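Each of the next two complexes has subunit A plus one other chain: subunit B in the first, subunit C in the second.
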Partner chain A sequence: MRGLAILCAIVVGGILLWGSTDFPAWGRLDSPASVNLSDQYIEHAFEETHVPNLVSAILADYRNYDTMFETTVVFTACTAIFLILRLPLGPLARHRNTTHVQAARQRLPRDPILEMACRVLFPPTHLFGLYVLTHGHYSPGGGFQAGVILGASFILLAIGFDLRAILARFPEGLFVPMTALGVLLYIGTGVLCLVLGGNFLDYEALRVLAPGISKEMIRSHGILIVESGVTLTVGSVIFAIYANLVSRGNQMEGL
Partner chain B sequence: MSFFESHFIYGFFVALLMIGLYGAIAKVNLVKKLIGLSIFQTAIILFYVSIGKKDGADIPILPYDHGHSGHMLAPMAEQYINPVPHVLMLTAIVVGVATVGVALAVIQRIYAEYGTVEEDLILEKIANS
Partner chain C sequence: MSDQLIILVIVWPLLTGVVTSLLPANKRLMTLWGSLNLVALNGLAAALLLRVVSQGTLIYTVSGWNRDPADALSLGIELKANIFCGFLSCLIAAVALVGFLGGVCTWDRQVGHRLPHFLALFFLLVAAFQGLCLSNDAFNLYVMLEISSLATYGLIAFGGGRAYLATFHYIVMGTIGASFYLIGVGYLYIKTGTLNITDLADSIASQQLSKAFVLALAFLVTGLLLKMAVFPLHFWLPNAYTYAPDATSVLVAPLSTKLAVFLMFRILDDLFIGVIPKSLVSWSWAVVFLASFGILAGTSLSLAQRDLKKIFSCLIVAEAGYMLGGLWLSDSRGTIGALFHLVNDAVATLALFLVVIAVQQSVGGRNLHDVKGLFQRSPLTVLALILVSFNLIGVPPSAGFFSKATLLTGAVASGHYQFVVALLLASLGNLVIFFRIIEVAYFNPIVAEEGESALSLDGQRAGALAAAVAASLYLIGLSSYNIMETFIKPVVSL
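Up next is the complex of A and B:
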């Protein structure tokens, strides 16, 4: 098995290395990936959307169908984990109940230094997540990154205290609907554009709701709305994945 | 610039991809297989991000002075690296995290069912049952 694996890896690697000799030199200005479309984005994205961070502008405006379905994939992954681990099924339910009775007996004592450190770190982490979301138009950032930071701030609390302590404040009844709410906010924006007479996710149609805003700025605000949806989904999905994985789905006892 | 200088970077991605492929095939432990797949994915993500590089270009975020938006020069394509691979990989990384979560959930389910995550022991148990 090991010999076969080494052979497979060497054959695939050899073919790829041979293929890479035809690639353009690394960093060339006229490499096929960096002509046509990318030049159009770089030269016109700012004047069309007023978003200096071109990655945000492309992510949530020009390629917003792509991002919408990526968000849906994240939501679907969360649903899949919920169906695999959370729903009580025969052998898994028996297994996790017995192991968690054992785990509860061997619980570590609480550590005040660790708890205080997590308590102090949580608000700045949370605030930084919101900053990354709202300042994602002007600096590196955006919905996905902000969602991961927000999810990580909850995971930090869950590690520092225990899972039940954080679930008492941020219960499953809140974060599971939030995963769906983010997708709903994203697709709802698209449908609202459709209802107001534009194309799906064409933010310029939203000008009917805010007449004083130029058509570039309304695209900028539209990007913020859908990025907020992405943040809601990603943040709550990251925490939902963590909460279900560490407790084998019963959400009683964490790491 | 010699051919080696301009192309050696692709060798790194191929090497990383080979490590991941070897891990995914050779390792018997399902968690190690999953780590192999994640390394494979990382190789592809790095390759995509590297495609966006342009010599002498800056990150694709235009300098913007809050409140003085009228004084900005029109951006030139050769000043900024290609943002499109970054957009594609930004979403792929987060989706990768979510799919690794699903894989770990499936592994937990397998562990609950068979009491092990070693592939050969699982196959033995299936054959015996």
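Up next is the complex of A and C:
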């Protein structure tokens, strides 16, 4: 069976390689991928959106509808994991508390060096996450990356201390709704554009709310709004998935 | 304003899904909230269909990036609703509403306190189905496939127990299918430099058909064959659909594989429009052969099962073969038959899975020996079963008769006699499958035991719903000529 699988992979890979001999030469200027749309984006993206980072402009403006659904994918994954893993807080909870106390007794003593290191790292990580979000217009970065950094900062604390200590400050009642609120911010921006008379997610329609801003700048601001939604969702989803996976869904005791 | 209908049809269930996850797990509230939103969705989809019927194909540019006038390539993402997309969108909305209402009675047993998250995935799945139906962008279609798969995985795995392993198989196969689709899209992008389906079709038609295009088509088709669960690639489907919660399977089973069929139709008909008849005749023969084999295999698999839900799940495998074969017959009647069969099969599968809920609620099991005395307990359920079985066997004037007749005409005209034989044998097989169930349900009366005399109201309701859906198959059958002429023929080229 294993041999068969390897054989399949080799055959499919071989077919793909064989097909790739038909591609235009690597990096050629006259290949279809470089002449048709790319030129449009490269030449006009800055004038049209005032966003120097081409990737952000395409991701969050030209193809923002895709990005909305990519954010929804992240949300869907989180909801699915929550649906399957999260245990009920019903009559079983008391029983689990006792096992939790037993587990706590067996736990290793806390490590002050590790805790201090996490404590020191946490604020800069957060700041860096926000920087990546807001500077996504100018440099590599954006909502997804910022969300991952923010989520990772909470995971760092959860590893350095323990899950319960973090959940006391960043409880489930906060981060689970946050996963939905990020997506809602994104979709809500789209619906707002629609209500204000534009097409869905056409940021230009938002000018009604901010008359002094040029139609290019409003696109730039629109990108920031939806990217914030992405950050909110991705950051909380990453932590929610971590919290449910490491504690087998009871959110009592982490790693 | 009516232009915005197309995006509303997608965004409405999406918003509903996200908001649902924030609501409390109150059954009454959820029933009201869900049915109101789905009724609104039905209204929107109907309005979209009216708009498309009266004013022709609607093309909508999300985020307002209209086509560049210079070389007329689409910068942003387009949505497109032609007359069949509008019809399919209505069908999705209707199936979602009926499936939702049919699933309500199983919540207590199978969903419980996880209701908000369960329904959130349910609505996200509806949004993804609508997106698959209306998108005009090859990559956006992939994103929609991704959401629909992820939501389906979650909804199926929630069944617990054996559903976990079934979901794992589904995840592996589904991921391979999606990656194949993505590789195909990637190859097309390298050769054409665009993702918009209209532009892609223009670009493909203007270029020489080289091996990269053939490979792209092969990968797209293989990926979708996995999603459609055609015979050798089907093994994930029966278990996944059987062990899923009933409220899941009643939405997933009617629509999931059918939308993969619709995607394949779009790839063949919209994308490779000028290419198919010329150079792929040699292939199409092999695909039709695969489809014929799949029909027979699905029917025989179904014959071997004793669990009602598994019997019906295996039938889905067989039905996928009907539509696949129809699309590849290289005869326009085959394509028309396949699309009409898609509509017919979505409704028939919905009725079958409603029957499963009714049986489960009224007799507490869904094995073949559990349906003993079903006729006494829930005559409407048996009526629904009989009506659907006539449809699947192909008795006039059911929709199944007309779809099979169209498929057969196409098969004979294009000389694919093995497909004709497979269709006829499968009809015979369906006769045996359903007669087995109906025989047990009708002729094996149950000896009344104490405490069992009380009829389950939920079961009766689900049975009535199933009978209504099954009866609508005959309405579809009687108006089959109109449906084919108005909604299907205008979109089929060849």
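One rule holds in what follows: the second predicted complex is superposed on the first by the 235 of 255 C-alpha atoms of A that agree within 3 Å, B and C clash if a C-alpha of one lies under 4 Å from a C-alpha of the other, contacts with A are read in each partner's own complex, and residues count from 1 in each chain.
Here, a residue touches a chain if its C-beta (ideal position, glycine included) is under 8 Å from a C-beta of that chain, and two chains touch if they have at least 3 such contacts.
What you are looking at is a predicted structure, and each value in this text was computed from that prediction instead of being measured.
Shared-chain residue A:G13: touches subunit B; no touch with subunit C.
Looking at the shared chain after the overlay, A:F23 reaches both subunit B and subunit C. Legend: residue contacts after superposition of the two complexes on their common chain; A:I84 is shown touching both subunit B and subunit C. In the superposition on chain A, A:R63 contacts both subunit B and subunit C. In the superposition on chain A, contact of A:V73 is made with both subunit B and subunit C. Once the two complexes are overlaid on the shared chain, A:S214 sits clear of subunit B and of subunit C alike.
Shared-chain residue A:L37: touches subunit B and subunit C both.
Overlap of the subunit B and subunit C interfaces on subunit A comprises residues 16, 20-21, 23, 31, 33-34, 37-38, 41, 63, 66, 70, 73, 77, 80-81, 84.
Interface residues of subunit A, counted against subunit C in their complex, comprise 15-16, 18-24, 31-38, 40-41, 61-66, 69-70, 72-73, 75-77, 79-84, 86, 88, 90, 176-177, 179-180, 183-184, 187, 190-191, 194, 198-205.
Across the complex, subunit A is touched by residues 1, 3, 6-7, 9-11, 14-15, 17-19, 21-22, 25-26, 28, 50-55, 57, 59-64, 66, 69, 72, 74-88, 90-95, 97-99, 101-102, 104-106, 108-109, 112-113 of subunit B. Subunit A makes touch with subunit B in their complex at residues 1-2, 4-6, 8-10, 12-13, 16-17, 20-21, 23, 25-29, 31, 33-34, 37-39, 41-43, 46-47, 50, 52-55, 58-59, 63, 66-67, 70, 73-74, 77-78, 80-81, 84-85, 91-92, 95-96, 138-140, 142, 144-145, 147-148, 234, 237-238, 241, 244-245, 248-249.
Residues 4, 7, 11, 14-15, 18-19, 21-22, 60-65, 68, 71, 73, 75-77, 112-114, 117-118, 120-121, 124, 127, 131, 137, 139-140, 143-144, 146-147, 150-151, 153-155, 157-158, 183, 187, 189-194, 203, 210-212, 215-216 of subunit C are the ones touching subunit A in the complex.
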